[in-house]
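To keep things simple, chains are lettered A, B, C and D as they appear, and every chain counts its residues starting from 1.
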Amino acid sequence: MPFSVAIAGASGYAGGELLRLLAGHPELDVRTVTAHSNAGQPLVAVQPHLRSYGSMILQPTTPEVLAGHDVVFLALPHGASGEIAAALPEGTLVVDCGADHRLEDPADWAAFYPGEHHGSWTYGVPELPRAGTSVREQLAGTRRIAAPGCNASAVSLALAPGVSAGLIETDDLVAVLAVGPSGAGKSTRVDLSASEMLGSAHPYAVGGTHRHIPEIAQNLRHAGADAVRLSFTPILVPMARGILATCTARIRPGVTAVDIRDAWERAYDGEAFVQLLPEGVFPRTADTVGANTALVGVGVDEAAGRVVAIVAIDNLVKGTAGAAIQSTNVALGLPEGLGLPLNGVAP
Amino acid sequence: MPFSVAIAGASGYAGGELLRLLAGHPELDVRTVTAHSNAGQPLVAVQPHLRSYGSMILQPTTPEVLAGHDVVFLALPHGASGEIAAALPEGTLVVDCGADHRLEDPADWAAFYPGEHHGSWTYGVPELPRAGTSVREQLAGTRRIAAPGCNASAVSLALAPGVSAGLIETDDLVAVLAVGPSGAGKSTRVDLSASEMLGSAHPYAVGGTHRHIPEIAQNLRHAGADAVRLSFTPILVPMARGILATCTARIRPGVTAVDIRDAWERAYDGEAFVQLLPEGVFPRTADTVGANTALVGVGVDEAAGRVVAIVAIDNLVKGTAGAAIQSTNVALGLPEGLGLPLNGVAP
Amino acid sequence: MPFSVAIAGASGYAGGELLRLLAGHPELDVRTVTAHSNAGQPLVAVQPHLRSYGSMILQPTTPEVLAGHDVVFLALPHGASGEIAAALPEGTLVVDCGADHRLEDPADWAAFYPGEHHGSWTYGVPELPRAGTSVREQLAGTRRIAAPGCNASAVSLALAPGVSAGLIETDDLVAVLAVGPSGAGKSTRVDLSASEMLGSAHPYAVGGTHRHIPEIAQNLRHAGADAVRLSFTPILVPMARGILATCTARIRPGVTAVDIRDAWERAYDGEAFVQLLPEGVFPRTADTVGANTALVGVGVDEAAGRVVAIVAIDNLVKGTAGAAIQSTNVALGLPEGLGLPLNGVAP
Amino acid sequence: MPFSVAIAGASGYAGGELLRLLAGHPELDVRTVTAHSNAGQPLVAVQPHLRSYGSMILQPTTPEVLAGHDVVFLALPHGASGEIAAALPEGTLVVDCGADHRLEDPADWAAFYPGEHHGSWTYGVPELPRAGTSVREQLAGTRRIAAPGCNASAVSLALAPGVSAGLIETDDLVAVLAVGPSGAGKSTRVDLSASEMLGSAHPYAVGGTHRHIPEIAQNLRHAGADAVRLSFTPILVPMARGILATCTARIRPGVTAVDIRDAWERAYDGEAFVQLLPEGVFPRTADTVGANTALVGVGVDEAAGRVVAIVAIDNLVKGTAGAAIQSTNVALGLPEGLGLPLNGVAP
């Protein structure tokens, strides 16, 4: 019998993507969807692409409505997850697609977020290279999962193999990301309107202010880094979905291109959802649209003394909802890839 | 045991979309993929979004390679299907995604296509309203299927309910379609380059020259029209996929808005893949991306004396590859929706 | 000495485009710019593309601030122009880029707009074919100009030549327009956000409700039509600017393709800003971006019995700000094309 | 009397942009346009946005056709300029928009280009900080100008102020650029087709192979750098025009954020076409479309120890044709900004 599922925040992009993916999942059965201002409306009126959920009505987002399910996905604005999660039974698997439970260090939290730190949950990127207990081992049986930040996931997957193998310096990393606007959620901001974004590229959160920076540093420390210093710049570009993270790091003395290639190959050998491309090939975001797949390209720029690792993901899938479901599969002891598409929707 | 499948033309967009959809189909097992100039290469080198077919190699497109499969999908350039189909066993289910076997009347063919007419196969739009034997009945057990033209499918689904119910005049139809460039296939044409298309809308085949016109007329005649006169203008717009067909027809005297609503409701009542939207709601292409779903909106413009029926589809799915698989399901006696997504990839 | 100019609503798209164009106008000198919520800010902080206005500060939009200029352009939300215009001296040339003063018939106004009818001003499309006194003659010396609605301008220019020459029926016109979102102004609407619009086409105001319909009918009546019945459907597509209006009309009995060609050639012969393309050629919006140029293609679909006239314009230039400046040039006795670019920014 | 101008390669994007800009230039009069395969056709048939050149016919690209003009702009494929330039009189001002005459060091040339090195001409970025003789002084009176590479121009303008002031290390620079496809010229490449690029971001020339790298290094050496090591990655994104160059460099010990701000302010103080944005503000490409303006934002990331300098330009204007005309103005002793727009076409 499938596990029963509730989704809080079903009217947003992350909630919608959870629903799109779960429609094809044989062991997770969506019974309840909730929203805030849209409560009372048919789901399909708010998410007109979700045709398979025709008769479902959005309920209000309350602990009472969410209780009684095996799995509760929270796709809520920042700061809203903690209280609701606390009101749910310990035995319920709660998966937070927001940022509230990702950071382990209260100092990191305080430096980048307002409000109280709610503690950290098991981090939902199963493939992430990690010293000691693997992410998968941590996920098995857990009842609290923090889905990753989409940009953090991309940059961490790009660089962790080199960190883990001790091949790159971590004190002068540079990441520039071309990102689509859906990562910002359903938006009424003028700067995210179609008129402003069509035909334009523009940066935001320049100069070390983006909230995914401490999350990346935490991931790379778990992969073996001592100190992490990262220049991180996201660039909004006119594509609805997708992240292309171009990440570079200084290569340690004596490290060869073969060493680099080997490290990245070993890190993702056998992984279904993190695929290293052949030498000299780098990924496009189009090839990951709608899929839970991260495509990784890595090369060495001898003249610059840097490795260049480029990762493409769909921010709403591998960056959020797909990672949440993949981690849920692991936590529940289901096949890890259940219900998750490998193939992108291209062109 | 699943049916064995070969796909000819697997390096193109239609072939790629067949493969993307069939990756999730439990009863159709892709054994062979073929191509022309790309034969010998790994499929994934040419179609980098198709990660689940990792080790598959493109074979040359010959009858010998294609023979021995239960189902052969042909996704070939115009004119190439006839000869290959003739060389395949009669018992093989052959599905032509090209135009060669759609038109029944040799005069229609001669007026719009060069070369010889190859005869017509069973038309692959199961939901199309039709007088007499239904399309589904025709598809059951057939071994030759002609998948529809993407634009023809959209316009026919928009207008056939009104034709079938005798509510609209068919001698002065007007259809204007916003279409993405993927309908033209992988292209080296300058006018379909990103530089030319980004930020621009431009028409083509203006003034009655588009090849889907006789196909639409044929469909509407089967729905009950006597004569069909259609002004048809496709507009290329900067979205990779999608067709939004805005179709209008003069309403017959005495016909009311309620009559119109009723006719469209009856026509698609119970259909999974052709869904009529609520009154006053009209579709977006985004909601159908990657899905086998046609969304239909219909309304009456009393002042203009015309019905406006607007259909959104993904040209590569419901317009081509999805229609092909849906029709194959019917022909093989499988559940009609097997392997076909209902939910679009939005935003 | 140049004329002094004030622009009310300088923080919006129409106001911004007036400023962009006037930066290159030798006889119109922008002295004052006003805004509502942005008053007090530097213009360039709100309109960062307007680098030539570096030190100019946005003033509040009041009659006191606007008075004392030779020309006042109003680029205000619907309903705001009437009161301000009434408070300005009669000798001031006031150009309304909004809808308040376009419709002559109070019944038209009441059917499509809320609030009181403010009367009509001279209509700002100098090239529009018109029976009796030409638009140019009406504009000469006038002190009150109503700039056209962008969609109305496109459709009227497409069809008026045929109406004027008596070649087409006006009781069953059909226009479908691919339009960019900038026509809706700076927007905080979710449906106009980049996430929703990228990769999608969607209709709005379906079924005869768009406010430009009575404006088009008025224009075509002035061109000689008795009754006008028009099916009008705008489709939002992912390009920041541009309108591609595909307009069709039944051809009157006995009218030939040569008659049609002749009528459109005569209508726009010698016009700089409305150019008829060669036979068989139809326009792209890209070729008009940033330019005050309307490109017109016309053809006959013999099988359908309809003429197809397609017009491309930049909605913010020929559709709004360019038309306003061109009409101002005429009203002030300046060369009509002064300060107005003919060449589009393509690709 | 204006100078007479010929443009070789008028059918391409760079040639088209020269023509668009020169249409508004009072002292440069285009008399002759040439092309290769399009010779004999009307210019407007190939460049339908250039409505002001209605009657002009494309001539073949030969020294005979080009001779006899005061100024000849060469917008030709790589390798074609040298021979033609050699055949033109020494007194003719020849401006090469291609790469043939940019690199001074034959070793640089040999490392990145095939074929013979043709020597170097005066480099056409007047504002570029430079030790010793300024670029403007070099341009004055010259008869041979090498217009810059578009990406090289953006990155050099971003970083040169810090190099010139000795504030940043030049041995570990990182630049990632979001670029539109028009930089690649009119293209028949599948990977630059609209279907492939819409909704996607993808890198090219990863790992130190891009030809603009030695050009940037040369510029930074002229600004005072000893050795230059640069990691350079261009990312194609779905906008027709535009470059957003995100450039970072390690800050030298003891350098403060105030030092950085001062250096960039001093470098571009009084420049019309290179404008430093206020502290905390970074540029968008949309604001530079169609304009000869480079917008520069600079900030310090204390945690990362790097300066982040971001430059937005229109690759076809400030990156190519606008730079060519601006440099021509200097060479001919005309006002430097003549005929060059400051304001972008936004939204």
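The working rule: contacts are C-beta pairs under 8 Å (C-beta built on N, C-alpha and C of every residue); 3 or more make two chains touch, one makes a residue touch a chain.
This structure is a prediction, so every number in the text was calculated from the model and none was measured.
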Which of A-B and A-D has more C-beta pairs touching across its chains: A-D
Farthest chain (mean CA position) relative to subunit C: A
Centre distance in Å when subunit A and subunit C are each reduced to the mean of their C-alpha atoms: 45
Inter-chain centre distance, subunit A versus subunit D - centres from mean C-alpha coordinates, in Å: 38
Junction residues of subunit D, two or more chains touched: 13, 182, 195-196, 198-199, 238-241, 283-284, 286-287, 289, 346-347
Subunit B residues within the subunit D interface of the complex: 13, 180-182, 184, 186-190, 192-199, 238-240
Complex interface listing, subunit B residues touching subunit A: 13, 16, 19-20, 23-24, 47-52, 182, 198-199, 240-241, 275, 277, 283-284, 286-291, 293, 295, 341-347
Sites on subunit A touched by subunit D in the complex: 172, 174, 176, 178, 195-196, 198-204, 206-208, 213, 229-233, 235, 237-242, 244, 246, 248, 250, 282-287, 289, 297, 299-306, 308, 310, 312, 346-347
